[in-house]
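The structure's right below; bear with me while I get my questions together.
Should a chain be cited, it is by its letter among A, B, C, D, E, F, G and H, assigned in written order, with residues numbered from 1 in that chain.
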Amino acid sequence: MEKYAVYVPRLVNREEKFVAGHRACVGCGEALAIRQAFKALDTNVIVVNATGCAEIFTSQFPLTSWELPWIHTLFENTAAVASGVEAAYKAMRRKGARLPENTKVVAIAGDGGTSDIGLQALSGALERGHDFTYICFDNEAYMNTGVQRSSSTPFGAWTTTSPTGGKSTGQFSWKKNMPEIAAAHNIPYVATATHGYPFDLMAKVAKAVAIKGPAYVHVLSACPTGWRSATETINRQVRLAVQTGVFPLYEVENGVYKMSLDIPTLRPVADYLKTQGRFRHLSDD
Amino acid sequence: MATRTGVEVSVGVADAVKLCNPDVIAAYPITPQTHIVEHLAELVATGELDAEYIPVESEHSALSACLGSAAAGARTFTATSSQGLALMNEVVYVAAPMRLPIVMSVANRALSAPLSIWGDHSDLMSVRDTGWIQIVTENGQAAIDNTIIAFRIAEDQRVLLPVMVHLDGFNLTHVVEPIFFPTQDEVDKFLPKNRFPLPLNPDKPVAMGDFAPPFIFMEAKWAQEVNIRDSRKVILQAWDEFEKTFGRKYLPVEKYHSDGAKVLIMTMGSSGETASVAIDELRKEGLDVGQISLRLWRPFPFEDLREAVKDAEVLIVMDRAISYGGPGGPVASEVKAALYSQAGKPKVVSYVISLGGRDTTVSGFKDIVKKGIDIAARGSQNEYEIYGVKE
Amino acid sequence: MSQEKSLVEIRWHGRGGQGTVTSAEMMALAAISEGKYAQAFPNFGSERRGSPVQAFNRVDTREPIRLRVDITQPDFVIVNDPNLLGKVNVTSGLKEGGWVVINTSKTAQQIKSQFNIKNPVATVNATKIAREVLGVPIVSTTMLGAAIKVTGVVDKKYTYEHLQKRFGRLGDRNIKAMETAYEQVVMQER
Amino acid sequence: MAKSESEMTWKDLEIGNIVTEPGSARVYESGTWRSQRPTYDFKKCIKCGLCALNCPEGCIAPNKDGYFEADLYYCKGCGICPHECPTRVIKMIEEVE
Amino acid sequence: MATRTGVEVSVGVADAVKLCNPDVIAAYPITPQTHIVEHLAELVATGELDAEYIPVESEHSALSACLGSAAAGARTFTATSSQGLALMNEVVYVAAPMRLPIVMSVANRALSAPLSIWGDHSDLMSVRDTGWIQIVTENGQAAIDNTIIAFRIAEDQRVLLPVMVHLDGFNLTHVVEPIFFPTQDEVDKFLPKNRFPLPLNPDKPVAMGDFAPPFIFMEAKWAQEVNIRDSRKVILQAWDEFEKTFGRKYLPVEKYHSDGAKVLIMTMGSSGETASVAIDELRKEGLDVGQISLRLWRPFPFEDLREAVKDAEVLIVMDRAISYGGPGGPVASEVKAALYSQAGKPKVVSYVISLGGRDTTVSGFKDIVKKGIDIAARGSQNEYEIYGVKE
Amino acid sequence: MEKYAVYVPRLVNREEKFVAGHRACVGCGEALAIRQAFKALDTNVIVVNATGCAEIFTSQFPLTSWELPWIHTLFENTAAVASGVEAAYKAMRRKGARLPENTKVVAIAGDGGTSDIGLQALSGALERGHDFTYICFDNEAYMNTGVQRSSSTPFGAWTTTSPTGGKSTGQFSWKKNMPEIAAAHNIPYVATATHGYPFDLMAKVAKAVAIKGPAYVHVLSACPTGWRSATETINRQVRLAVQTGVFPLYEVENGVYKMSLDIPTLRPVADYLKTQGRFRHLSDD
Amino acid sequence: MSQEKSLVEIRWHGRGGQGTVTSAEMMALAAISEGKYAQAFPNFGSERRGSPVQAFNRVDTREPIRLRVDITQPDFVIVNDPNLLGKVNVTSGLKEGGWVVINTSKTAQQIKSQFNIKNPVATVNATKIAREVLGVPIVSTTMLGAAIKVTGVVDKKYTYEHLQKRFGRLGDRNIKAMETAYEQVVMQER
Amino acid sequence: MAKSESEMTWKDLEIGNIVTEPGSARVYESGTWRSQRPTYDFKKCIKCGLCALNCPEGCIAPNKDGYFEADLYYCKGCGICPHECPTRVIKMIEEVE
């Protein structure tokens, strides 16, 4: 837990832009991370949401969990839709339309929607330099469709399409390094975060949105359903990911890397793995 | 006052878009659409058009960016062709039910495989279920006029639907020809400002794109269907209004010597112009033949079609696409279905012509008419005929 | 089409990257400015630098042009690049008696016998004119002048505005090149 | 909405099925998902608000005494809040039928 | 000997694929197709199936990888649904003209917008021009049998075309039901080894995918059309052979009390089973009604359809998709076109039902039949009817 | 010119796998680079080609310029098709099919087909670790369709969709760093090359193909048509790109960077820019 | 359908992640093994951990099942999670006289009055059985036993192979849990 | 192919329009594109082969004397070879009509 993490009421905006009554699983880390992220922001934000758990659990017709203008169209085009919204505001404002001040565009998607099927749209939007923030809520698999592997699933993790068996010990490939790929686009801001460190997360999201130009925030989000883990300890799980070095917290500002946390000695990775059923077969041997 | 100028039709379409003063253009280049978007990029670069030109990384993102732009309330344009239209297929399906009034030019071109950059209507047909209003043009003037008209229809508060304006690749896009251009003032009067009623705006948050469980999905889709069917009257109004302002008239089904003719050919797109030369020649030869051409593909003009063919005994329908292993030409198939229950309906002969840039010449059309009359009289073994394939 | 044929069809031959399409385009623009009906279009397809290419015109003095098919039997052929002779069959489909206008330093007679051309041939040394007037051997506007003279489908003064617009500060020189070729083209009936 | 979901007709739909009431999902009682519930020993509470910050449902807010307490209309009983509470104010108990 | 087991249909389809011993499976998950590919991944992981499972990053790449695999001469399978099918649309179009014998299961589901994970046939309709052989199944057994049959048809040297096997999402994919499974030996006998005649192979280099200028494009497309039409006889042979080996018979147009019946309903897919319960009840009530169902969607079985409806006076066609602003139900539209020139053809009433997971119950079908008869007798204002939309 | 670049006949395979009679523009650098690349390889190669100039100028029906098995399907799916070919060979070989030894898969595409529309398929194939080589022939725009900008077009360059004008000085964004993005995928081999240094190019291509696992080679290829430059000096143009530091030649082997050329002092960038008409407006001021 | 109705329809209530679909699946597999016709299917849609979910069975002793629609008027309702009572209307559409089988520590009488249920109620403390036999409060197989007893649609011995196959080394214990509930379920007509 | 391109019928096509003759494009005379051509002063030639390595057409090969010379059936006259020749063997000249 972050040392300065006390007396939240004084530090954090109490308004919820992502409200109660959503349909995420009990103990969903993605719901938690989204809540925290949007707590860090003001009401001047337009949300563009990829298909995935977050979209499904917030938007069953005729209801919405969002207090912000929100749009969902498809799974793989989130950054492109965000480009369009950003460009529209730019053009309309320039041409004298009466619009609210300082409107910000925030695109959100899962790891599948970001590192797999939505990667190209994201890469294009980053390259073109749109003024928007993209937040990937990485729960390390396609959770909405029932836990299939993504390129963000860590090596060795069980999923329904990286099952364990005589010929397989779970995911065969190494986790795609999405923040690194984003950073290779030479954008002004890239950061990693997780809901286990909410103040860090909120500070990074706020910074990303404040910065002019494209910003990318990669948020590790526990999914007790897909990780086959307990709901009550999800924060502990992701903190262990950080403390074991599995998921380092850092920022890249204009190409300069900065670690966000001082972890003098990393804990053994096994501490992290054993919190989750998806890694059980690894500890068996 | 309108001016008559020679211009490449693609450039003319871009100039027409400019007259409509769009806010956002997102497009990806593909032959034969390129000159449209290149000229728009040029107009933006010179400052003649104040718009954001988003040079996206694929057609999928082109139309996706348009979704975002239109949802934000901006006037939005894109253009594509063939493979591009196929690549954005999934996006094409969402624009209409989300009621986003995007205008898209489609420079019609064959779909691969084999790869062909040349014209036919296979791309056009691939989006026939998508709920877009679709106007098909047969010459440069129609392409350019209807680009302007498309914005008016799309953004009409009673419509709010995306509109495709189809123009044949190369045969229209790459031809320099005389065009009457309206003035900026005239267009400004004809085309009111965009005021999308529920845009993405922090002042009044809305949620667009909720998922629809079975209790409501069918209602949503029916609402969509009613909406596009009802757009018909707005389209007719827009064309009327256009005629009043600019003097050129457009109809869902255009007629050429068709009233009372016993034999009709039906075309769609630019080949209709060549065909009408054939009609002239055949009539000179004494044949009682006329022509109708389909300008409004969606919403399909059932009434107009029925009215137009009511006296005909033979209707020869030209298609520039095949539904493989299916009914052959999609237009002929829909025409037959539309006339199915009509009393005294014509015999319909279906001809597939001009795939992948193959020309059908004046003498080709004459040949088709003669063969078609023969088939109507004597029947055919085939579900449909194809013209010009080397045996 | 109740009267005599008023339609003239022209085919241009050149090489990718040498402005052949521009020649045809200027021709059509001029005819349209004159109040005529006209089309210009390239050989549909990709045009690689150096490859033999074609471009086309239809000009009609009386009525709108409705033909939207290739021109396979032109009334005139214009050859912008003399090296194409012998490599490309430039007279393919050319109507009997239809002129071939060729950029060459040779005489029509030489050309006709060397390449076995039956049609009447008009010659002009457009490369030389272009080099002299424009400073570069790009003949698209020069050959335009020769073509206008031989085809007679448009009054050359209607090209002025279009040449000015297309070539900006080089407009005058291109007009000069066009005019020079117009003057110098030699039409030799046999 | 005046009408219940299942009564809505096609004519009741906004253009593009747009939802015009922000945060309308608040009507949904996610508390029906709960198998266990938090209970409090508020004496130990330092009102730090960490429980609220870490609740995936966003359903914890100060009660009239300023103590942070779950709204059981929404609380799904995940059991996170007790784990985040620095002073062990919260304990989960099974829901009873 | 075949064994009767209870199995979820998706798992059964995967098991059927396993029996066919594919070399490469490339797929991307999407509800309701997921269980098929998950079970295949499982079979590969345990070693029960020796194949490469490529967990691609999108459906576009799923089918693209299949192109590569099939071109290399490997037996190739994929599965998708709805948005996935739409995203791979451009790739779907190239598989057939390239003659790559891929087998794809499509768990039919509605196309967005609005997003729906539930069943209808809008995805199926979006690929109706693509030149794939398309088999539509109405129960688990048919889905599983036809998965095996599909490989045989696809790889037949006279065919060499990709085949889609459609099965309704959830209503089939997610139902546990009794299935007869053939043994490995039986399948091995029924399904010869893949021997793609001109694979990518350094020993004998070939070039696949040249672009086709206008002088040849139309010939290439006609060859494709002839090929899929001719596949009909191979399909019938495969079904015959299947019946001989396994005792279950499949026909392009299945009949249920249809011979001689004056009123017919026509269904496609799993709703046909519910409808046949309604037919039973209506017949008990004394109504002369029968049912036909379309199993072979491409190549469209013109002959079989005409034969099946020859005695009918009324044909009520059910569609689970709308061509918006067009002819309504695509099946009804094609049926009308197919029957257009028939003497004594039935009146056709077109009904759109069951979009996005909306059930049409037994009493719903009965209602439709009664209303349909009424419409046939008295006419309707509508181009087509829709059933069950809340007004 | 490379210093060891003499007596080619002794060093280079004389067989052409990409034969004369193709339809590239006069002086096409892409054609040259492809020729060199495939000279470095044996006949055990299957080529997967994206839509683009190279595909068009080598494959007009009924002819082919390829002596190798070759497939083209679409513009954006090249790496995915290559995945399928690779997997097919792997599976068929494992299952005992009689196949030629040591078959290699080489995917080729332009910069548009790589860094824009084909990026996602490429990223997926790299992540999954297929044993194949991907070569991007980067001529810095969509040339096949007539010189539109890509994300690989350098800042300031004129193209038809990054035209110059009152509101624009050519390409508005910086060239996407594709080799860097490939390297962020942690693949065994990434390299840059150009036809101006043919021996370097051939050595890298040969190495890439020999290495097990995914390899990426990024080849700067002059396009006199799109660059508005002379045909005869294309090699000089790309060598200037290297010598001015605009296009550094390097390799990344298992994450380790290595420069391929020792350039003690870089030449001024203007030397490079002035060779090409697409940059003319920049030197005007 | 020429004879008496031979079809039985069952609805299961539980929570996402608690194996409700497994209950229904085991029921169908057993009936099929017995030679009957049967279906099992979930409530189509997404099933979030913790959310109230349903699963369904059709069992027919005589003829193949052709119905492919939701079950809206079940013959039996099985409630795996007692906390759903009062939150979800478990008897919705239940046929008159159709049994509700509930996992509860209470008596049928208590349940009926507390939740105002008109239908006959059978009770079993499945959670307790599961805790004791399996060591975890997951009642999917336990409730299967109770459901088999009350519905009588299948002989419980046909579940054995399927429970063994599904639960591997925990197969025996699940069989035991099933059997225990089968024995202990209390059917109280009123 | 026996038939010319324009005579091919749909029946002449291989399955999937596959081309079965590797390198068949060799029949295409790309030399018709040429506006200038290389000429040689072979006395200076050191037979290094750099011209051949840098020809986009791949049309340079040793002639019977072992000198590297362009095959004019293919040479498009780009002018690269003279620039790559270390000993200035090659010079481009204009094609004549």
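Everything that follows uses one rule, which is that a residue touches a chain if its C-beta (ideal position, glycine included) is under 8 Å from a C-beta of that chain, and two chains touch if they have at least 3 such contacts.
Only a predicted model underlies this, so the values are computations on that prediction, with no experimental measurement involved.
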Starting at chain C, fewest touch steps before arriving at chain D: 2
Centroid comparison with chain G (C-alpha atoms), farthest chain: C
Pair of chains joined by the greatest number of C-beta pairs in contact: B-E
Distance from chain H to chain F - Cα centre to Cα centre, in angstrom: 22
Distance between chain centroids, defined by C-alpha means - chain B, chain C (Å): 34
Between chain A and chain C, centroid-to-centroid distance (C-alpha), Å: 63
Chain C and chain G, separation of their C-alpha mean positions in angstrom: 86
Where chain E touches two or more other chains at once, by residue number: 31, 55, 57-58, 60, 83, 87, 90, 94, 97-98, 112-115, 117-118, 205-213, 216, 219-220, 222, 357, 359, 389-390
Interface hub residues of chain F, defined as touching at least two other chains: 23-24, 26-27, 56, 59-64, 66-68, 72-74, 76, 116-117, 119-120, 123-124, 127-128, 151, 231
Per-residue overlap in chain H, given as positions that touch at least 2 other chains: 5, 8-11, 16-17, 19, 22, 33-35, 76-77
Residue ranges of chain H touching chain C (in the complex, touch as defined): 32-35, 76-77, 95-97
Of chain B, residues touching chain A in the complex: 23-24, 26, 50-52, 54-58, 60-62, 64-74, 76, 90-91, 94, 98, 200-213, 216, 220
List of chain A residues in touch with chain G within their complex: 23-27, 56-57, 144, 224-225, 231
Residue numbers on chain E that touch chain G, as the complex places them: 4-6, 8, 31-32, 117-118, 139, 168, 170-172, 174-178, 270-271, 273-274, 276-277, 280-281, 284, 357, 359-362
Residues of chain E that touch chain D when the two form their complex: 113-114, 389-391
